[in-house]
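The same subunit A turns up in both complexes below, where it pairs with subunit B and then with subunit C.
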Partner chain A sequence: MVTVTLPEIRKAQPLPETKETALDIQELDIYYGDYHALQNVNLPIKKNAINALIGPSGCGKSTILRSINRMNDDVPGFRAEGTIQYDDVNLLHEEIDTVALRKEIGMVFQNPNPFPKSIAKNIMQPLKEHGLYSKQNLSKKVEENLKQVGLWEEVWDRLHMSAYSLSGGQKQRLCIARTLSIHPEVILLDEPASALDPIAMAKIEDLLLTLKESYTVLLVTHNLQQAARIADYTAFFYQGELVEYADTKQFFSNPKEKRSADYISGRFG
Partner chain B sequence: MNRKFTDKLATATFTFFAMMIVVILTALLGYVLYMGVQQVSWDFLTSKSSTFRAGGGIQDQVFNSFYILLWTMVFTVPVGLAGGIYMAEYARDNKLTAMIRICIETLASMPSIVLGLFGLLVFVNAFDMGFSVLAGALTLTIFNLPIMIRTCENAMRSVPIQQKEAGMALGYTRWRTITTILLPSAFPSILTGIILSAGLVFGEAAALLYSAGMTSPNLDYGNWNPFSETSPLNIMRPAETLSVHIWKVNSEGIMPDIREIADGGAAVLVTAILIFNIGARMIGTWIHRKFTSK
Partner chain C sequence: MIPIMQTTEKASERLIRKNKKLSLKNPERNGKVIVYSAAFVTILATLAVTIFLTQQGLQSFYMSGINPLEFLTSTNWNPSGSNPSYGALAFIFGSLSVTVLSALIVAPFGIGAAIFMTEIAPSWGKKILQPVIEILVGIPSVVYGYLGLTVLVPFIRDHIGGSGYSLMAGVIVVSLMILPTVTTLSADAFNRLPNGLRSSSLALGATRWQTVRRVLLPTAMPGLLTAIILGMARAIGEALAIQMVIGNTTILPSSLLDPAATMTTIITLNMGHTTFNSAENNVLWTLGLLLLILSYGLVMLVRFLAARRKF
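The block that comes next holds the complex of A and B.
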């Protein structure tokens, strides 16, 4: 007798279809040389929501982020199969203009990485890069973006000082402001608060909650509490496999998969 | 007790050898400067060298040294920078790159007299440049290029990857990431590298013997016509540099004050190189501080 077993991930799928999908990841397989880093991932990223990717180190959650904005293209041996549907294009298509793509899909990294320039220039430079030159508009944008991340009140009187004079949390908010300045639709954040103290982390979390009103947020985090606090949807990865994707409340209170339950309760990872 | 003793012994040994190096270097430097400074006078620096009589100066040789250095840098910096950027940012990790790397390494360890003979055969003879500033500068370019490529490559690579990623993630093209993010960050180390290698080039003699030549025309510093034989600016004239002069005076000089000239010239040469090296450090630190202004 022949029995056909569907992969577990398929079973884990039925989801609250409350929000529109911004990025639709379908049958994504990623390889680094012979290493199969992600296996048949199907994951709809919801628009105007915080989508958290959690899982132990090396489970492939950062790989997903870097595949979406094609930052992995230069990694030797990197290969992606499947589709990441954004509007009506497949982001993995060879002929995608990565420069245009990264303008639409911004990224914030784990370690704050402002440019070694003044606070104002950190925001002005990318704008100039994308064709905004008028001094007046640039200063207006600096103010606007810094206000957006709640940094304006803290730094308005020292915009011309080096960004390196800021604290870690301020640097990270400056990096978020810099990403916002070029008007992305989607923001990818790779453990943006893991290098910060709890107060700075709380500020970043509050900021993300306001950002989801106008942006689609995809957040990779190690911190389960963080996902539980601010994410609308949570996807749990384990060893390159999407184990469970669900509404955050449901995921943490009533996980469907045993591995999810074990991870949440700290039995492994 | 035993482990403590070993530790102390190691510390003492390393300190001893470090001190020995310092002592040898200071003694050498001190000797050259002590012997030389007595000979250096304004007159020595600003008069022409003389072939037979005592009291010749080193004016033309000092000028030639700087002039050849200038041209060498004009050739080396753009090529070295381009090569370094290519190796750091564009070269894929394949056999071609590995071969380029081996070539650079080999070139870097090539004895400079061999490069000098190469200059003689290729630039002086085959390209018919004769003993000239140009032939000398091109030979020194080959001498200096591997160092420059490696310096620029290392400088580019030492920029934190996070900086590069920040640019890429903001939708910068690769070219704009290099010019607006990597190069400004790498600039202080590149500049330091340029100045340090300038010191090496300035002191190089063997590569120049048969390319820039061991003579100098009777230079007229009022002559600004770069095509005139006596113009200092002419790049097709032979140009004996200071270090070549020191070597020549010592080995085949027939003037009575050989020792004085050699000592004085050596002191000037060493001082110039010291200034290059100290200047490189100071400018590097200064720019670094200015760029990152903490």
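The block that comes next holds the complex of A and C.
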């Protein structure tokens, strides 16, 4: 018999009961060609909270992220049905301007991928692309965003150096800073800490906890402890189906579905 | 379970390396011999060519008494006259201008086509454009020269001016020849970029063009420069096609429409009717040595850029 050990919860979290919904996923079906990747998913993503998506590889959790900011549009055979309601618009609408959409819904990837430029320019570049040119404002933003991710103290004296000189964890925080610089409403994170060592991972987790004050965070993770530690809500996917979606504490201590219980106790996946 | 090998030997007998004798039956040894000799032959051939060219090329200075400064800076070329002179500047200039001008023409087209193939229409580009370009690489240079001779030279003569046989004709023919090389190598440079770079730029709300211009192009730059330089290396060594359209005069061209000559065309045109070890023959070797030095320089530049490449 495997006993379920609950990972320690680092910060006490208030029970998030009455949070507003930032993104409302309704009856979402996604296909890659004939393959039915996601089946009738109904999932309200809560505002100013960390929403974790967990599940074994290939269960469709990354597909959801990439459908929200429409990164999957170019995948051959990709088709989405249903709605992802954001404010008063369905993000799956064909007239959505993906460039404007991605400014409001930012994304951080599993592998830190800074641009091969200086640390400062990594943050300036998207700002310039969105029309901010004044040098003074740009360097102000660099400082502000690096402070937001706790990187300023570590790199303030070498902002002109290549972003490739940073460590893996620093690179990932730079990528988060770069995403924050364009002031998104929602931040999608696709296993942002899975390529990092435990210390760097802890820093990212702390950062996400501060970010949820002002942003809606949607986090895909393989790491159950991570979800248990920092997420307010947890959604468990299995084979393209949303098995259970609940308050994190409740999900880990008292899962309603048998499959959820099996998964968190390590019986499959 | 079936045991692979049953042995009563001790571990020391099984694992410590035994003295292996030279034997034709030892495949490990034979493989080593083949690979080592292949490497040796390659190095030997390169060294032999370099040494021979250096020795022959320098002969014109110490045996035939040609002034190196005159060779490099004078445009007076008359090696078979009664009072011979050996100024090769016109050909050095011809070679360099054909190489540099064609690289300048080809760079935007080659890189643009590569962007189209890899970023704008990858499926279409891979299915149609890539094979077309590979076919272009395989066309022999004499065909390019012949096309230049029958189409380009009369066109320049009728519509632009001059006799048609000109530096411009040479540049255009060489550009067409190196365009596929530059395009293919540039496409490789773009394909080598990590996919995350593309996605993260797009995920920040950059348009496709912004992604290409601000992220992919700068990151691929060392690879793109390598593509252009390898194209230049091909251009500087090309003789036949240029010779058919450039006009082959020994005079320094004063405009793009003037006929000119390159180091390679002078070598191919004169090698046949000079006697070995005569001053005229030696000076052709010197041109060959100069070409070798230039291509060594280009190769070194490629190596330098490759070391700077991040991906």
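Quick notes on this one:
Quick note on the criterion: the second predicted complex is superposed on the first by the 252 of 269 C-alpha atoms of A that agree within 3 Å, B and C clash if a C-alpha of one lies under 4 Å from a C-alpha of the other, contacts with A are read in each partner's own complex, and residues count from 1 in each chain.
One rule holds for everything that comes next: a residue touches a chain if its C-beta (ideal position, glycine included) is under 8 Å from a C-beta of that chain, and two chains touch if they have at least 3 such contacts.
Here the structure is a predicted model, which means the values were calculated and not measured.
When both complexes are overlaid on subunit A, subunit B and subunit C end up clashing with each other. Contacts of A:Pro126 after superposition: both subunit B and subunit C are touched.
Of the two partner chains placed by superposition, A:Lys171 touches none, neither subunit B nor subunit C. Once the two complexes are overlaid on the shared chain, A:Lys46 sits clear of subunit B and of subunit C alike. Contacts of A:Arg102 after superposition on the shared chain: both subunit B and subunit C are touched.
In the superposition on chain A, A:Lys203 makes contact with neither subunit B nor subunit C. Once the two complexes are overlaid on the shared chain, A:Arg259 sits clear of subunit B and of subunit C alike.
By the touch criterion stated above, A:Asn111 is placed in contact with subunit B and with subunit C alike.
Comparing the two interfaces of subunit A, the one with subunit B and the one with subunit C have residues 69, 71, 76, 99-103, 106-107, 109, 111, 113, 115-116, 125-126, 129-130, 164, 175, 178-179, 182 in common.
Put simply, subunit C touches subunit A in their complex at residues 123, 194, 196-197, 199-207, 210, 214-215, 218-219, 310. Subunit A meets subunit C in the complex at residues 69, 71, 76, 99-103, 106-107, 109, 111, 113, 115-117, 125-126, 129-130, 164, 175, 178-179, 182.
Contacts from subunit B toward subunit A in the complex involve residues 93, 160, 162-163, 165-166, 168-173, 176, 180-181, 184-185, 291-294.
Within the complex, the subunit A residues that touch subunit B are 69, 71, 76, 99-103, 106-107, 109, 111, 113-116, 125-126, 129-130, 161-162, 164-165, 175, 178-179, 182.
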